[in-house]
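Below, each structure is written out as structure tokens.
Consider the two complexes below, in which subunit A is the common component and subunit B and subunit C are the respective partners.
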Partner chain A sequence: MISRRVQYEVAGRVTGPILMALQNYQQQRRRRRRSPKDNPFGPPIQCARKMKDLMSIYYYQGRWADGAVPVAWITSGFPVELLRAFGFYSVYPENHGALCAARHMMPELAAVAEDAGYSRDLCAYARTDLGSVLSGNTPLGRIPKPDLVAACSNICQTVLYWFRSIADHLGVPFFVLDTPFVYGDFKQHHLDYVSDQLLELSDVASRISGRIVTEEELLEVNLRAMEGSRLWGECLDISRTCPSPWSSFDHFYHMAPIVTLRGTEACNAYYRELKDELDDRVAKGIGGIKDERHRLLWDNIAIWPKMRDLSRLFATHGFCFVTATYTNAWRESLPFWDPKDWLRSSAKMLSNTILNRDLKNRLRVMTGLIEDFECDGVVLHSDRSCKPYSVGQYDLKGALTRELGVKVAVIEADHADPREYADEQVETRLLAFMESFE
Partner chain B sequence: MRELPGKGDDVRREYISQQQRQHGRKVLAVLPIHYPKELLTAMNLLAVELWGPPGKPRGPDAGRIQTYVCAVVRNALAFLASGGADVVDGVLFPHTCDSIQGLATQAPDFGGWGKQVFRFLHPKGDDRPSSRTFIRRELEVLAVELERLTHAPLEPEALGRAIDLHREIHALRARLVDRRRCLPVDDLALYTALRRGEFLWPSDHLGELREAAAVLDDTTAQQGTPVMITGLVPEPMTIFSALDEAGAFVVADDYAAVGRRIVRDYPKSAADPLDTLVDLQFAGPPCSTRTIAQQRRIDVLEQTFDRSGAAGLIIHMIKFCEPELFDVPLIRRRFEAKGVPVLYLESELERELAGQTVTRVEAFVEMLRPVQIQIGSVT
Partner chain C sequence: MSGPRGCTFGIDVGSTTLKAVAVDAEGAIVASHVEATTPFIEDQSERALAALRTRCPLGGEGPLGATGYGRKRIPSATRVVTEITCHARGAYHLIRRSGVLIDFGGQDTKVIRIGDHGEVVDFTMNDKCAAGTGRFLEVILGRLHVPLEEAATMAEDAASAVSVSSTCTVFAESEVISLVAHGKPVPDIVLGLHRSLASRVSALAGRMKDGREVFMSGGVALNRAMADALAAEIAAPITVLPEPQLVGALGAALGVRT
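On to the complex of A and B.
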């Protein structure tokens, strides 16, 4: 246990940073030899390398986490702050799915899950991750085995079934944090239920970690997490300027720390630095794309395997995504935070995610984003893998067109499975959409 | 073979108007799967379940939902929006899955349903103190909301009586399903009778179940190859004709719409009937949509299979049903490890079973015969 803990700390503080420095040095030398390519984007965001280092070291350190610290596999909407106070290392199977998709490993991993009987109609993140669990294959080298698998229903119910399958396969305890879906206004007994479960979760975390955490310690982590969300929100809000110094494709990339490292000082330090750089880009008039002529809102999860192709297609035609309902989700609950009552305010924040509220709320959020960011168009990604995000999109399209007069396109794709993506079909649809602005 | 009472395809509408006329009952269309039927009965509300309906969507509104969403939800939106449920007074949406959750905001908020809407959110996960406190409050709030329709509060005595009535219904349904071998009717007749509980007033359903149970005969035994079946809903119902023609019958049932809603260990009446309803939420067989531990569900499936003497297992899925699909690999693994033949069928809520599927059913039953002889379950 002690030697494992030493390995874990050394990996995070010494070996990881040295390896990253070495890798960066090699990459810089290679980059210097390359001739600059003509592209429709603004200069790259310098912080991106720091984010890569931050995340790589985190994942690298995770290889030694099991046996050193308690490990939890959790959903992106789960209150990681609470587990962090108990010293848990957290793994995000959804992020892992996205990472595998972005690295084009998804079909290979999904095939393992499909061979094991998981239907191709199931969420592609789930299939990718289950394929990784079953095969042990992962771009991260090694993922630490969990002491706890925990899912929160505030993003979807799919994660409940998926994480339940993981817990069953690995033979570890499974905790469901159930956030009742909000139709209209919040109901007090729903919020009480979430608060009660947070207390039950504290007991579970205490039992597994063997630690007792005071309310002050919990509050401290929560305060750091809220500061992270605030900084993330400020970074996103910088896209209100024209030209936007970064696009939603950048937002998707840079959201990793707010999802994975929320509640840590490293996360907050990163977003402070990013914000400084974005402010500087605004002062110098540098845009995320070179020629921003139209500003768009993206709805739904990113299409990870096609990020590069899509960002280039839009940028080439002068279209910049300046906001997205997806990236906004990690700051939208901040107004409900009350440091004087972390338990109840946490319950409200957890219940308030865009996917845990009705379509009227979704329309309200989208309308607010369109107005605040001065968008003149919307792209709705009808995501085969994500039913809660996709059901109702055709009605939202009608309402946005009717009520705001913006142009709206729906593209049929999948957030991770490239086999559900037809390049020609999507490109034809998007070119027609962009032509309609002329 | 004796006929069970009251068959017929399109009796719902007529029955509903009769209930409204003769008993002054308000009627709720109810989406799948788990909801507090005892509470509705106590408040004199007739529940009419809406599983689609099957067949092609009854109107263009199905097109408002992507084709990668299950047909139960797409058909339900088309049905509601086309006026198919105009005869009812409101709709109750239980919190079953992401798609029904979405439909519960899409239909009332963006067109498709203009009358009253109620939602019932049952807790996900295992039985914990928080879920018990929550479900009790949820039941109380639902009762108050339903008063908008009934204009009368929930009376504890009425709830107590409704619980007793449903206890008897559960016991009779369990008897018919568990003693299937002694019931001299075919599967189609049995399932038609059981599924009439999806729209009949409970005492009418109880009457029919009593009639059906009266024909149970310990001296006769069902002929054919016994199979166990699991899935969401027995649609198309012609699956039973296909099994019958192939020489098989269903000896154990785990359909979410049928067997998984039969509470065999029905809770005893508590001093406060609401406490009984709370216990009831956790007393039924494990269901994928309640997100209880996966092993528990598979254990119960296996025990049911072993008790029934079935020779094989049929997994009958509705395409895109996520809660169910996540359990399929584990079910297959467990049963195949036991040497149990497993047939996987997938449908999209069609009215008829595809010819190809019928052939697969025939081949499966044919394959089971030697297994049946081996395990000594020939009747």
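On to the complex of A and C.
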């Protein structure tokens, strides 16, 4: 146990940073310069390399996490802050699915799960992760075995079955944090129900980690997490400037720390530095794309395997995504936070995510974003893998067109499975959408 | 931008047919060319355009607008624009008023809401599946050995329509074989096919069509039984645009005038 802990700490503090520095040095020597003529983007964000280092070291350190610290595999909407107070190392199967998709490993991993009997109609993240668990194949080299698998129902119901399957395969305990869907107002009994589960989660985390955590320690890590969400929100808000110093495609990339490292000082330090750089870009008039003529809102999860193609297509035609309901989700519940009552305010925050509330709220959020960020168009990604995010989009399209007069396009795709993406059809729809602004 | 005598050219390379037109300064089609699309789009389009330019009474010079799925493979194109914009532009030039255009193509069907000034206000298309397109009719009529050009006449001879599913062309094909095996008259099946397709396209149009004048373009609009079935389905009259198959190419030619 002690030697494992030493390995874990050395990986995070010494070996990981050295390997990153070596890799950066080699990449700098190899880097090709693209002709400025072909490039519709503004200068790259310098912090991106730091974020890559931060995340790579975190994943690298994770190879030695099991046996050194308690490990939990959790959903993106799970209260990681609470587990962090007990010293847990967290793994996010959703992020892992996105990473596999971005690295074009998704089809081979999904095929393993599909061969094992998981339906192709299941979420592509789920199939990717189950394929990875079954085959042991991952772009991260090694993922630490969990002591706890935990899912919160505030993003979808699929996670309950997907994470339960993972727990079954690995033979570890499974914890469900159930946040009932909020229709209209958030009720007292709802608040009590979720708060009670958070107390139960504290007990479970204490039992697994063998640690007792005081109220003060829990408050401290929650305060750090809220500071992280606040900083993330401020970085996003800088896109209200015209031209926006970064686009939603950049937001998608830079959201990794707020999802994975929320509640750590490293996360907060990263966003402080990023915010300084974005402020500097605004002062110098540097845009995320070179020629911002139209500003757009993106709805739903990113299409990870097609990020590069789509960002270039839009940038080439002067269209910049300045805000997205997806990236906004890691700051939207902040108004519910109350440091005087972390438990109940956490319960409120967990329950009031965009995917756990009705369509009226979604329309209100989107209307607010369109107005605040001065968008003149919206792209709704109808995501085959994510039904809770995609149901109701045609109603939203009608309402946004009618009430705000913005142009709206719907594209059929998938956040991770490239087999559900038709290049020619998507491009034709998006080009026609952009031509309609002429 | 136009040729010495005000002539411009447009080409619409669709999934099923290639359409090319020459248009005069007033936007009237003075020459046209239609043939089935082959896999060799670059050679085919250049050959078709050379023939059109030779036949054009206003001379063969003038810029070229390209549209359709093969639009990016026309080397001599002056401008490349999507078929949604071109169909809307071509239709507005012909009708000069707002409305909803249903472009019934070989492998995609577009519903386009055209604004007061000819702009595209909104549009929707079939996605990932060609069951709501001309290909549906083509495949199943082929299975029944009914030539496309005889489909409308045969539908008129039907005593009553047989219900046919339009969820999937492949499934509908086996369903139709089963109907024939059960002794259903072919004209009744043909009418059922038209109604089935009309219901699918009507659903695609959704609320976009409500209360607005509806126009129809695309190769399938040449089949009058289809226009009738669609008009019955949406319970409103439908105006089939003149030379409906050429509307996209016309829009492409008009798009290089300014």
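Definition applied: the second predicted complex is superposed on the first by the 432 of 438 C-alpha atoms of A that agree within 3 Å, B and C clash if a C-alpha of one lies under 4 Å from a C-alpha of the other, contacts with A are read in each partner's own complex, and residues count from 1 in each chain.
Just so it is clear, a contact is a pair of C-beta atoms (placed from the backbone, for glycine too) under 8 Å apart; a residue touches a chain by one contact, two chains touch by 3 or more.
Being a predicted model, the structure only gives us computed values, none of them experimental.
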Contacts of A:Gln157 with subunit B and subunit C, given as first, second, both or neither: first
Partner chain in contact with A:Gly233 - subunit B first, subunit C second, else both or neither: neither
Subunit B versus subunit C as contact partner of A:Asp358, first or second or both or neither: first
First (subunit B), second (subunit C), both or neither touched by A:Glu435: second
Partner chain(s) touched by A:Pro17 [first = subunit B, second = subunit C, both, neither]: neither
Which superposed partner A:Thr401 touches (first subunit B, second subunit C, both, neither): second
Touched partner set for A:Ala422, first subunit B, second subunit C, both or neither: second
In the superposition, subunit B vs subunit C on subunit A residues touched: B
Which superposed partner A:Tyr193 touches (first subunit B, second subunit C, both, neither): first
Partner chain in contact with A:Gly67 - subunit B first, subunit C second, else both or neither: neither
Common interface residues of subunit A - those touching subunit B in one complex and subunit C in the other: 394, 398, 412
Residues on subunit C engaged by subunit A in the complex (per definition of touch): 69, 81-85, 119-125, 127-128, 206-207
Interface residues, subunit A side, partner subunit B - complex: 116-119, 121-123, 126, 153, 156-158, 160-162, 164-165, 167-168, 174-176, 178, 180-181, 183, 187, 189-190, 192-193, 196-197, 199-200, 358-360, 382, 384, 387-388, 390-395, 398-399, 412
Subunit C-touching residues of subunit A, taken from the complex the two chains share: 394, 398, 401, 407-408, 410, 412, 422, 424-425, 428-429, 431-432, 435-436
In the complex, subunit B residues that touch subunit A: 63-66, 68-69, 73, 95, 97-99, 101-106, 109-111, 119, 121, 123-126, 128-131, 133-134, 137-138, 141, 288, 291, 293-295, 319-320, 322-323, 325-330, 332-333
